[in-house]
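First the structure, which I've put down as structure tokens, then a few questions once you've had a look.
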């Protein structure tokens, strides 16, 4: 299967098109089957992936507009591989646990299209193709929030769409400018990212371009102060929307920083470490405090997402393999954990049709299984060792310590304030006497719900105890990228700050 | 001696009269006349400048404009008659169907 | 062979926990408790065998199971080190755990979450074993956080209880106390993490051996920073001031939990860390930090003992005494007498666990009543428990030939030997206070008039198998001190030796006598005041000092007023005022501006041709002006 990446990208889309002729009753089964096949394909990709090779693999290249150097150019490396698998997994699990019955066929088709765009973003190696999938991903999500959302769904979906769209347009200008410079320097047009990597740009250009890409990525992440679309989107989106949004769509932003900003603009990235770190620390502390003040469980998780994305951002700008690998790993960890938390909130919402903390209390006695799984996810979310959440957070903080001990200490408060809001909602939801009559008759998790959560619990523990199979390929690619950045950097500061792992020096 | 500038001043004056007509008049027919006045102001300028440079292109253009203006009047007046027949008025304040 | 024993010692508790968890949601099954206890006993046997192996061969066992995290140059394995220090801890932990497990079969008899309890308890032991056995700081941190979570689960074990006011119950509710414990520990854990980062970036590894080897080549400021941050970590787990409030609140957990976690094992993890990292804390460059540790330890010893003097809650008194004894251990460790600290840790584990389990018997008898003012005369119905608690209190008070006498006396002697006379004096006074409050509690509970009758309580002794299970602890509380010499010989092959100076050695009997006189004085005073029954002194109880002590120096109230509440208020403000009214309002403002401008521009579309023509003229003039200007500017 030479075209495995194309298959991964277009299989869900074609299946989605065929979905229109599928019977309404069987739409759900059809969707789950397609997502399962897609997930198996992604696993197959992992199996045939060469972990020792840090470069791009399974590369496909078909020129589309040769005059302008636009080509259909795909590839995958250690950094994108696992995000890809996680996207397939979360789509599958989200679909299995989905409780929506209204317009189910449309939902399935939308999800399959969404899956195509997610796959596309993470395998695209051509800026235009990347941008295409990046923007296309907005449309299904707009539809999911706008059609199945809560009372404020139109406001939330339009805000989500326009906000992220505005950022991406600035990024598009940046992309066009890079291509223009490339043309000026080499005389040929190219939008291939790997060609762009070779460009050594003057520092001033790097800073401007870094800024342009920053808007596109930062709004998607979302970084403070561009984060306010997220609580609305999560608050209004149906469970499946929140799961995919938190697990995969937010990762596009941080992935963009790793794929574009760092290797293309190493000097600018080093110069921007302090501002980005300051924003990240604000994200970590400020949104964690805001999360503590929320009255709605889902909003707590939404704000906590922003806080965790702050950790990821910090790690990306640690400029050493520990930090960046940790950051990529944290992307996976946050995807799984926050996805699971949103699913859990969705399950209680299905039962009580409310997400307000005041309505609950003492659920541990009524729904023990639910309480156990929620508890495990909570512990993973606050970064307990031997769960998936610890590995990334530890590596990120460890890595960033090299840049600034004081900032690391500030960012490290996330382990405290994260515990504060998480334990508080857990106490308010699950502990104490059952005061609300409506809660006394709640049913514990159904088998479908349990079995859609158990794989996630298993992954949370497996990757917490033995992260090596995932961390190693990530680390290889990150090390290679850092070495490349170090070679390419032109300023002295950048050369000093970018740390090439000792085990990789001179090698690769 | 009457020089180029005199012609141009006359042309500008007539153009301004036409412009004021376009801005102030409410009757479509009057607007029509005002545009004709403006066109003819331009014709004067064309002819004068053409003479000044000894280049016949300008005068040729003036003829073109006269020809087009004539056909325009023919079509335009036709439309006006239809409009009048339909609405019973040519006052622009009453013909505001395109309000946004 | 020995390698397998290491794994058996480590994983038997995990198996026990997972096995019990299988039945976590089903109804009470006695066999769950029995099997869990058996597995724990197996773990104890393995630890004891390892201990005897280490004693006889003197060579540590080092096993590496597999890689855990490796990224960049960082490589952390799951590696386990069984040496003199860790094997001591392993044996103590598994021994106390086994007793506590058996005890819990009786104590949790009527609890419907019986199975769940064993699952948590064994999980705790597993985490504690990782903590003490790990061969690197990251592994230590796994155990460190693991015991934190288990402690959270166990303190909040009776999660269904509602929050009440602080006046009614100083710990508010089990779930509140559990969260407090977890969060306070997290504050310290951050310090510990930073300590790990400092060590990693300066030594390139987190393995104990590599780190300790590299230490001498590091600068003084790095060493000091590392020592300070590691000690902050230790302060949280060992509940040193100002992070001490959680420990007394943790008494909301079932009593076996208090005995195991909040007396014998987990809270000593901080002391263990300082002992483990003695190559760092013992360095000349960090003498200041070490002295601070000793001073803080001494302060906490006194501070906690003072609060125990007036408390009426059976378990809280013992909790304060735990806090106080932890202070003693830190004093010893800070002064460089690591092996004495470790010895006191082990001895303390035995008699304090015994004391707590005894208190559990009393609670069981008194239907969960904890106020010692409502007890009295219980010796008639609970003689074995009385004997156990009496023995444990004698050991705690440091009466000759009981375990506490040897270890505590050695600590006090160390303080004299180091010339830190202020510390010595405080520790001596504290020894007197310790004797007083332990016997105040014993006398109020077991001697004097039977005040419980007024509350219609019919106390009864604990099950026999429980009492038998407690006997090893009682035995050790009595005799452990005699092993001091051989223990010193055993652990000082790894830990630095500590010898009293010639001078101290000469007057050792005199120093011991001073302590003894103070201790006996404390007991005698308690006897005079409480043994004949309770005579309440209103004036004393309303005095400022008494109220100050009874309210824990108002520190919990202070934390609530100056940390908890402001945090909640600030969060609320950040959300409602900053996030909603500034950040989000700006975004919406931009959107509204665009919308408004569109709305405004819409009016141009009046439908009136004449208006359009006017606008066209305006546009034409504007264009002309632009053209003219640009022509002028050239």
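First chain written, first letter: the chains are A, B and C, and each begins at residue 1.
One rule holds in what follows: contacts are C-beta pairs under 8 Å (C-beta built on N, C-alpha and C of every residue); 3 or more make two chains touch, one makes a residue touch a chain.
Given the structure is predicted, the values throughout are model-derived calculations rather than measurements.
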Of A-C and B-C, pair with higher C-beta contact tally: A-C
Central chain (by mean CA position): A
Whole-Å gap between the CA centroids of chain A and chain B: 64
Centre distance in Å when chain B and chain C are each reduced to the mean of their C-alpha atoms: 95
For chain A paired with chain C, centre-to-centre distance based on mean C-alpha positions, whole Å: 37
Touching two or more other chains - residues of chain B: none
Parts of chain A lying in touch with chain C, wherever the complex brings them together: 159, 162-163, 224-229, 286, 289-290, 292-294, 320-322, 325-326, 329, 362, 364-365, 368-369, 372, 379, 384-386, 390-391, 394-395, 397-399, 401-402, 405, 408-409, 412-413, 415-416, 419-420, 423-424, 427, 430-434, 465-468, 471-472, 474-475, 478-479, 499, 501-503
Chain C - residues contacting chain B, complex: 602-610, 613-614, 617
Complex contacts: residues of chain C adjacent to chain A: 24-25, 66-74, 138, 141-142, 145-146, 149, 152, 156, 159-163, 173, 175-176, 179, 182-183, 186-187, 189-190, 193-194, 196-198, 200-201, 567-568, 570-572, 574-576, 578-579, 583-584, 586-587, 591
Chain C-touching residues of chain B, taken from the complex the two chains share: 19, 22-23, 25-26, 28, 31, 92-93, 95-100
